[in-house]
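Consider the two complexes below, in which subunit A is the common component and subunit B and subunit C are the respective partners.
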Partner chain A sequence: MRDKLLHTVLPVVTGIWLAGAIVAAFMAVPPISGLGELGRIAWFHIPSAWVSVLAFAVATVNSIIYLARRGIEADDRAVAAAGLGLLFALIATISGAFWARRAWGVFWNWDPREASIVILLLLYGAYFALRAAIDDERRRGVLAAAYNIAAFITVPYLVFVVPRVMESLHPDPVVNADGSGGMAGDMMGVLILTTIGFTLLFLWIFSIAVRYIRLRREVLHGGAL
Partner chain B sequence: MSNSVSERDSGTVSPAAEPPAGGLAAAARAVLIKDLRCELRTGSALLTIFLFAIVTLTVVSWGIGGRILEPVVQASLLWTVIYFASSVGLARTFVREEETGTILVLHLTAEPLAVLAGKMLFNLLLMLALTVLITPLFLALLSVSVGAPGVFLLLLAFGVIGLAAISTLVAVIIARAHLKGPLFGVLAFPILLPVLLIAVRGTEQALGGAPLAEVSGYLTGLAGFAGAAITVSFLLFPPIWEG
Partner chain C sequence: MSDLLWATLTIVLIWGGIFAYLLGLDRRLRRLERAVTGTAEEADA
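So, the complex of A and B:
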C-alpha cells in the first residue's frame, strides 16, 4: 500500500502540482518591480533552498537512527537525502547568484546566507569524500553518520551567529507577522505553491534514490538481503 | 613503549568492563601522560606544527615586507597560521596509534571516553603551546600592535579550545577510516568555519583596542562552540571507537 502510494500516486500528484505551480509562477503574478522577468527566479530559488535544508535535516535524523540502531536502511536514507540536499543546494546557489547579479550587481558578495550555503556545500562535499574513501560498509556508515551529526553543531551558528557578524543584502524573512516588508499576497501564494511542489519533487526523487541504493547493494553483493 | 610506561598503564588504567568514577579520570590522565611522554621523547608533533607555522608566517611576512596591515587582515592571517598548523599536527594523535598498531592496546586497556579525554587534552596542550610560541613571533614579524591584550589572549584561548576539540574528533574519524593527511583539512574545515569567522572578527576588535564588554559576544560565541564541540565529541566517540 505504502509502495503503491509512493511509486504511482506521488509522481502523478507531483507532476500535476508542479506543472500548475510553474504556470502560476510565470503567468499569475506580475514581475517583481525593478527586477524584471529575472525576478521570477525567486519562485524556484527559495523552494530549492528550503528543500536542501529539509534534505540535510532528513540526512541528519537518519544518521542518528543509524548510529542508534545500525540498520543499513537508515544509512541508505541518509546518503540519498544528503545527495539530494547537495543537488538542491547547488541549484539554490547558482540561481541565487543570477538573482544577486541582477538585484545587487554582483554574482557573489559573502552575504550571510551565501556564506551559510557554502559551508553546507563544503560539509556535505566532505561527507561524500569521507564515504568514498572507506570500503567497509559498516565502518563507512558509522563514520559518515558521526561526521554528519558533528557537522550539525554548525547549524545554530549558521542561523544565529553568522548573520549578526556579516552584513546582509537578502530581503527580510518573507513570512513576518505584521506583513510589513513582506511579499504581496499573490506572490506569497505562488511561493507556497512552488515550495509544496518542490517538497513533493524531493519526496519522489528521494524514494527513487533510496530504492536505487538498496538495489545496487543487493546486486553488488550478489544476493537478496 | 618502554617497560616503565606499560607498567604504569596497567597499574592505573581500569579495564573497560568496570568503570568506576575515579577510574575514568585516572585512565584519561594515563592516556595523556603516555602521549606527553611519547611527545617529549620524539618531539615530533609540536616540532612539526611549530615549523609549519613558522614557514607560513615567514611566507606571509616576506611577502608583506614591513608594511603595516589593517587589523582585519592581521587577524585573518593569525588564524590562518593557527588553523593550518593545527591541520598538519592534530591528526597525528590517532593516526600514529593506527600506524604503529598500538590502537589495539588502547582498545583493550582503556575506556573509550578516557581515550578521548586524554587525547583531547593532549591536543589542547599542543595547540596552547603552539599559540604561546607563534603569537609573539607573529606580533613581532608583522609589527602588530595589540590594543586590548587581555581580550586578545582570551579570544585566542577560547578559539583554540574549539579547534582542538573538533580536530580530535575528526582525527579519530580519519584514523578509523585508515586515512592519513589530506582528508583531515577537508573534514575539519567546514565545521570550524563558524568558529574561525567569529575568532577573526573578535581578534580584529581586540587588536583595535575594544574593551571586554564589546567583545563579550564573540567570547560567548567561541565558548559556546567549544562546549558544543566537546559535548558532541563525547557523545559520538564511543560508536566511532568501537564501530
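So, the complex of A and C:
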C-alpha cells in the first residue's frame, strides 16, 4: 500500500497537479502590477522558498531522531532533506534575482532577504562540507546531526525575523493586480496551487533521494537494506 | 497563438521533461533495489 502510494499515486498526482498549476499561473491570473509577465515568477519563487524551509525542518526533525535513537535511516532522511532544502533555496535565490532585475533594476542589491538566503546557503553548504570531512559513519552522523540542529535554529530568525525588523524592498503586501496591498483572491488561489504542487514534488524527490542514499550505502558498505 | 500561451506550453513541456526524468529515475532505482535485495537473499541462502 505504502509502495503503491510512493511509486504510483504520488508521481501521477504531482505530475498532473503541477501541470495544472503552471497553466493556472500563466492563464488564470493577470500580470502583477508594474512587473509585467515576468512577475509570474512569484508563483514559483514563493513555493520554492517555502519548500526549502520545509525541507530544512524535515532534516532537523530527522537529525533529532538520529541523535535520540542512532538509527542510520534517520541520518539518510536528514541528508536527503538538507540537500533538497539547499536545491530549493538555490531555485528561490535565482528566481528571486530575476524578479529583482525586473522590479529593482539589478539582479542583486543585498536586501535583507537576499543576505539571509546567502547565509542559509552557506550554513547548509557547510553541513555537506562537514559530512564530507568525516569518514566514520557513526561519528559523521552524530556531528552532522548536532550541526544540523544548530543550523536550523537560525532559519526562523533569517527567514521570518530579519526581513521584518530591517528595511527591505522585498514585496510582502503588493503582489496583486492593482498594487493596492494584500493579495487578490485569484492570485492567492494560484499561489496555494503552486505551493501544494511544489510540496508534492518535494515529497516525491525526497522519497527517491532517501532510497538512493540507502541503496548507495548498501552497495558500498553492505548491511541490511 | 499568443505569446502567453506559447510561454505556458513551453513551461509545461519543461515540467514534462523533469517529470519524465524523475519517473525514469524512480523506475531505475526500483530495479536496482530489487537486484540488490535479490543478491543479498541469494548470499543468505
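One rule holds for everything that comes next: the second predicted complex is superposed on the first by the 204 of 225 C-alpha atoms of A that agree within 3 Å, B and C clash if a C-alpha of one lies under 4 Å from a C-alpha of the other, contacts with A are read in each partner's own complex, and residues count from 1 in each chain.
Everything below uses one rule, namely that a contact is a pair of C-beta atoms (placed from the backbone, for glycine too) under 8 Å apart; a residue touches a chain by one contact, two chains touch by 3 or more.
All values derive from a computational prediction rather than experimental measurement.
Asks: Compare subunit B and subunit C by how many residues of subunit A each one touches, and report the one with more.
Replies: Touching more residues of subunit A than the other partner does is B.
Asks: Quick one: is A:Ala126 in contact with subunit B, with subunit C, with both, or with neither? Answer first, second, both or neither.
Replies: first
Asks: Is A:Glu218 touching the first partner subunit B, the second partner subunit C, both, or neither of them?
Replies: It touches subunit C, and subunit B stays clear.
Asks: Per the contact definition in the header, classify A:Thr154: touching subunit B only (first), subunit C only (second), both, or neither.
Replies: Touch status of A:Thr154: first partner only.
Asks: In the superposed arrangement, does A:His7 touch subunit B (first), subunit C (second), both or neither?
Replies: second
Asks: For the complex, which residues does subunit B have touching subunit A?
Replies: On the subunit B side, the touching residues are 166, 169-170, 173, 176-179, 183, 186-187, 189-191, 193-195, 197-198, 201, 217, 221, 225, 228-229, 232-233, 236, 239-240, 243.
Asks: Under the stated contact criterion, what part of subunit A meets subunit B in this complex?
Replies: Counting only subunit A, the residues touching subunit B are 67, 115, 119, 122-123, 125-126, 129-130, 133-134, 138-139, 142-143, 146-147, 149-154, 156-158, 161-162, 164-166.
Asks: Using the touch definition from the top, list the residues of subunit C that touch subunit A in their complex.
Replies: It comes out as residues 3-5, 7-8, 11-12, 15-16, 19, 22-23, 25-26, 29-30, 32-33, 36-37, 40.
Asks: Provide the residue numbers of subunit A that touch subunit C in the complex, in ascending order.
Replies: Where subunit A meets subunit C, its residues are 7, 11, 14-15, 18-19, 22-23, 26-27, 37, 204-205, 208, 211-212, 215, 218-219, 224-225.
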